[in-house]
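We call the chains A, B, C and D, going by the order they appear; numbering starts again at 1 in every chain.
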């Protein structure tokens, strides 16, 4: 019984924090936000060298063979510093191939994802479908032992940077299929949309009659619903880890502001009207951590608990980060409204993160169902 | 354009307040709560003498011919002092006969309701039916130009004290019918239930094969849905007026406590953690007043607006009084938990009032529908 | 109690509606050209509906409180352009000039205000004082060298809306630091923005919009005749203008419009795969907003009635300011929740959900409103 | 990270479960007789599971932190009676005696505590001090006439749970009013409740229940050997016992049980005429409660891990205390909303909705928890 991180994990946290503080402080994040790709290719290579891109991939494919608890440590720090780039997308693409693919598929794609030469992402939903495996649309047509797929996937993270798509679709009267589609496929169009949070890029992926051979299908054709669910849960867990880091950073920034800013003769943190919302933000952060760490542990060790523990974590985190985003800005007062102060960067992240991989309405509904109501 | 009370109304308010402060302070309310009937027959007679029981009944039937705005003034003060007794029930029974009955029916029943010799009440729903005119159950059987009715009505206010019931029912495949049933009817059983708020009595009314003659039916048989809706709206408006008085009294008691009670060297009202919830309680009271006064005015002057304005008022008041009830107790701290302090009397009233004549879930749904969504 | 208007007032309403029918620029509000708006304002000025509340002898319209209410309500409902182009000047400078200005000052400034030739900004906030306006530090010293004909102003203002386009600033300075009250020693000056020594720096909002500025004053010379009111009376001059705020009717009609938009969004949204309007929680939430917005409107009418009966405008307006914050924050979050993943894209709802707090804070933060209500209305001890 | 238990600990869990199977009184908790409970406690005492956390040399069970956790978790899940009958004595008096008692005091009091023969109450609160415990005014003066062999106690305590049935009171008094700190000059005394000069007055709760009392002390003579710890060290004695609180696991299992009841209520309720569980808002609200209660349980486990690694129990427990209030108030209101008009009747849900705040305040009001978190954890300035 030990609900804490081990020494290696604490070391990982320190080294990630040090690296990001030095290499990508918020000034750098702001700079990168102005660039077309939104991230630094140079830092991306460094992440690969440090072994963080392949953190959860098996060693034989160039990874470090760590688990989701380790990944949570990495992503908390990434969230804290608002580090931009296709990291989560690539990690999830790796998880898809590692968990759903054959040895041959793993050998083909995982080393590239681990060494940074490949950028992966998931393309699961069209613009109208509800979140969840049932929302995956019928964009495929069975042709031989493969498919021809046509459709438009929405909210695809890092769509213009990715060169490897894990595409979810179904043929009429069939279950979900997950397939790997490379970006150099003809009749593939990736379009980045203007987003609310410049540190998170996404857009639409359009495929027009793209042929998917049997060798590109992860698992059995039409039988990908379980894998899709597993990936959505992993996405929600990853997103929650990033939320924790960001929410804690915003709380810390605001606590510091409340100590420094003097009004009516006192630091504003002296007033309960400021003190109490900050105490609540702290409580929210503690709860998010407890729920997210347990969810990560269950991904590694207790598959039967993944759905419930992930939905509790992401449901609560979606709500709590929204609250903390507002609290941060409100307690900053007018300066919170300016481009200059950092709290707005976290507010934007909170707006981005709430619907990512399911908002609280989706996840609390799922918790209720799993809880027997 | 004048959104205020006129001089007569202000005088009415003063005289009701003076009367209740003198004749029925909270000590007296606590005493009456221990009695079987829950109210004072002597004070009931005084109300009749003062013309308040017949406030909204026409003068020719012994009433004072005032409107719902005047009644709102009366009921606010009644609510403020938690004055117990079958006042609202009797007023609503009077409204039912006055608005739905023939001249003959008015002459037969209204004078008794105005002079206090008759106590009336509404019996509309069984225990399982949802609130609203659609929830009125099929307890009647058409026999000639009358009905035979059997069933059990729940949540009937002042059921054991009333001697005149306005009973709502329907025959199979028919609309709602409202009829007057006197308490001395054989096969009528009234049972008072133990309630959360000892100043508000209610229970079940059981009728077993009771014959209702045509002369006891208000309006056309099977055509009472509109009248039922009107009465439910009047009930909700009356309930809201009582809520305002009670919520304001609780706010005032708590403000006074916050000024008097010293902790850590300051009156607790100095701390924003106390000050801010009280400011919110004040805002809630102001909103309740604005909404309730407008609803009362629309009952008098603008029938097309009654449904919307009443539902806004009662929906908001149900929520707001619940909030203020909790705020009052929480800011009192441990003493709020004792029988001795008065704030608990108002907390109990808030629990009683929330579902009375529809809770916020019912009324906000109706506001949405009327608002075109 | 009577929510009907007098025949006279109904006649005025008909006149307003007719005017709107004839003059409201065609097309959507966002498509209006500066020329359209100029034409609109010229027509308004002819009617004397710009400065409608001001006395006729000062060039205003002399409108009654009720007429002002009707005018604002109809304009707001019809989505017309604003009443006049110089928002700050009309809201603050005009009323202060009327109460405290010399005849010469009135002659000099009022006609331009009414005819849309002026652009004013106002200088109250300073970097280190936040909500505590009376703590201002910008100094004006009478220049003895010039025989006392000029003040010399040094200091800094912040959150100055439109300072980058304004021709004049209406501002508070400290003329003496020794005063019995924190509110004494404050003086009101009217300063041309092209005075030597004034520098304007933009403040960019979190969505990249520029409306706020910092304004620096470095030995800015201001003739004494540009002082409004007596020396040391500046607090009174400005607060009198502030109290000029009326029923706040445009505030609640603004919220009504936001609610209409939100309903439209809900009609076109889904929640967990089903139409959002089939979700009872969505419906109830819309019902709650509608009820609270009605309460705001009716609170405004109750205040208006009190004013008609002769009470001065009071701290009661804090109630609606507070409610606005209580509504705008959850309504913005609610709109984002309806959008689902589309909330991650840019768009008007998203911008609104990022900037609501600018609006909320603009009227004084919710905590300030809570303090005002608790201390001034409920009489709780000051913190 | 490892949520599995060691083999040793799993063996202990098996032992606990077997014990419960064999000894948990039959029937529903509310139907248990005093005799059942006595028998249960006797079996527990034989196992040394009463005072399980105390050292074996003091008669306790010497259970490890993990074993205590397992014991409490299993007991709570199985709805067994409490661990021992003298709740206050076991929670406060025993731990304080073990740290600060003399050998004679331990011999005199500990065996009775462990064998269910004692009934203690605790006297901290006083009428005018509320949450500010260190402001206590009850005085104890050494009686010089008796050669300093007795204190004479005068004053008044309030909110004293079970004072009307207790045999002893464990209480704080002020022995000197001159002290450098507000916490100095406070002393801990152990006083028999049948001492001449003690008077107990019941405080009735708003639902008519009697568990709280006022206790008056009028020249009560207390032998000095009944002082626990040194004179002036009383604050330390009591706060040390307070810090003995562990993971708060029974707190979150208690909430889990409340949630199960609430789900059952929801299954049997309707909302606007349709099954309540078809209302997405009802479902989401239940999902939210379940998530927050899981967070409480996991927060407790994280604290437990810190303790296992040697950190002292800290202000972190305020987090769960605060969360409990944040849950109990809305859960009570939610249950009332599910009941509809039946909420107007009396019943367990209704009583709960009236008394939740007693529970909430019992652990320190939410505002006190917010202050503790903000000041002690976040380091914000004291108010």
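What we mean here is this: a contact is a pair of C-beta atoms (placed from the backbone, for glycine too) under 8 Å apart; a residue touches a chain by one contact, two chains touch by 3 or more.
Since the structure is predicted, the reported quantities are computational estimates derived from the model, not experimental observations.
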Relative to subunit D, largest Cα-centroid distance belongs to chain C
Quick check: more C-beta contact pairs at B-C or at B-D? B-C
Centre-of-Cα separation between subunit D and subunit A, whole angstrom: 42
Would you kindly tell me how far, in whole Å, the mean C-alpha position of subunit B lies from that of subunit A? 53
Multi-partner residues of subunit B (at least 2 other chains): 271-274, 276, 361, 365
Quick check: what residues of subunit C touch more than one other chain, meaning two or more? 271-272, 280, 284, 367, 370-371, 383
Write out the stretch or stretches of subunit D touching subunit A in their complex. 1-6, 9, 66, 69, 263, 266-267, 277, 280, 283-288, 290-292, 294-296, 298-299, 301-302, 304-306, 308-309, 316, 319, 322-323, 326, 367, 369-371, 373-375, 377-383
Give the list of subunit A residues in touch with subunit C in this complex. 125, 127-132, 134-135, 154-155, 193-197, 200, 202, 261-264, 271, 273-274, 322, 326, 329-330, 333-334, 336-340, 344, 347-348, 351-352, 354-356, 359, 361-362, 365
In their shared complex, subunit B is touched by residues of subunit A numbered 271-273, 276
Complex interface listing, subunit C residues touching subunit A: 125, 128-132, 158-159, 203-206, 208, 212, 270-273, 329, 333, 336-337, 339-346, 350, 353-355, 357-358, 360-361, 365-367, 370-371, 383
Which residues of subunit B touch subunit C in their complex? 1-6, 9, 69, 255, 258-259, 266-267, 269-272, 274-276, 278-280, 282-283, 286-291, 293-294, 296-297, 301-302, 309, 311-313, 315-316, 319, 360-361, 363-369, 371-373
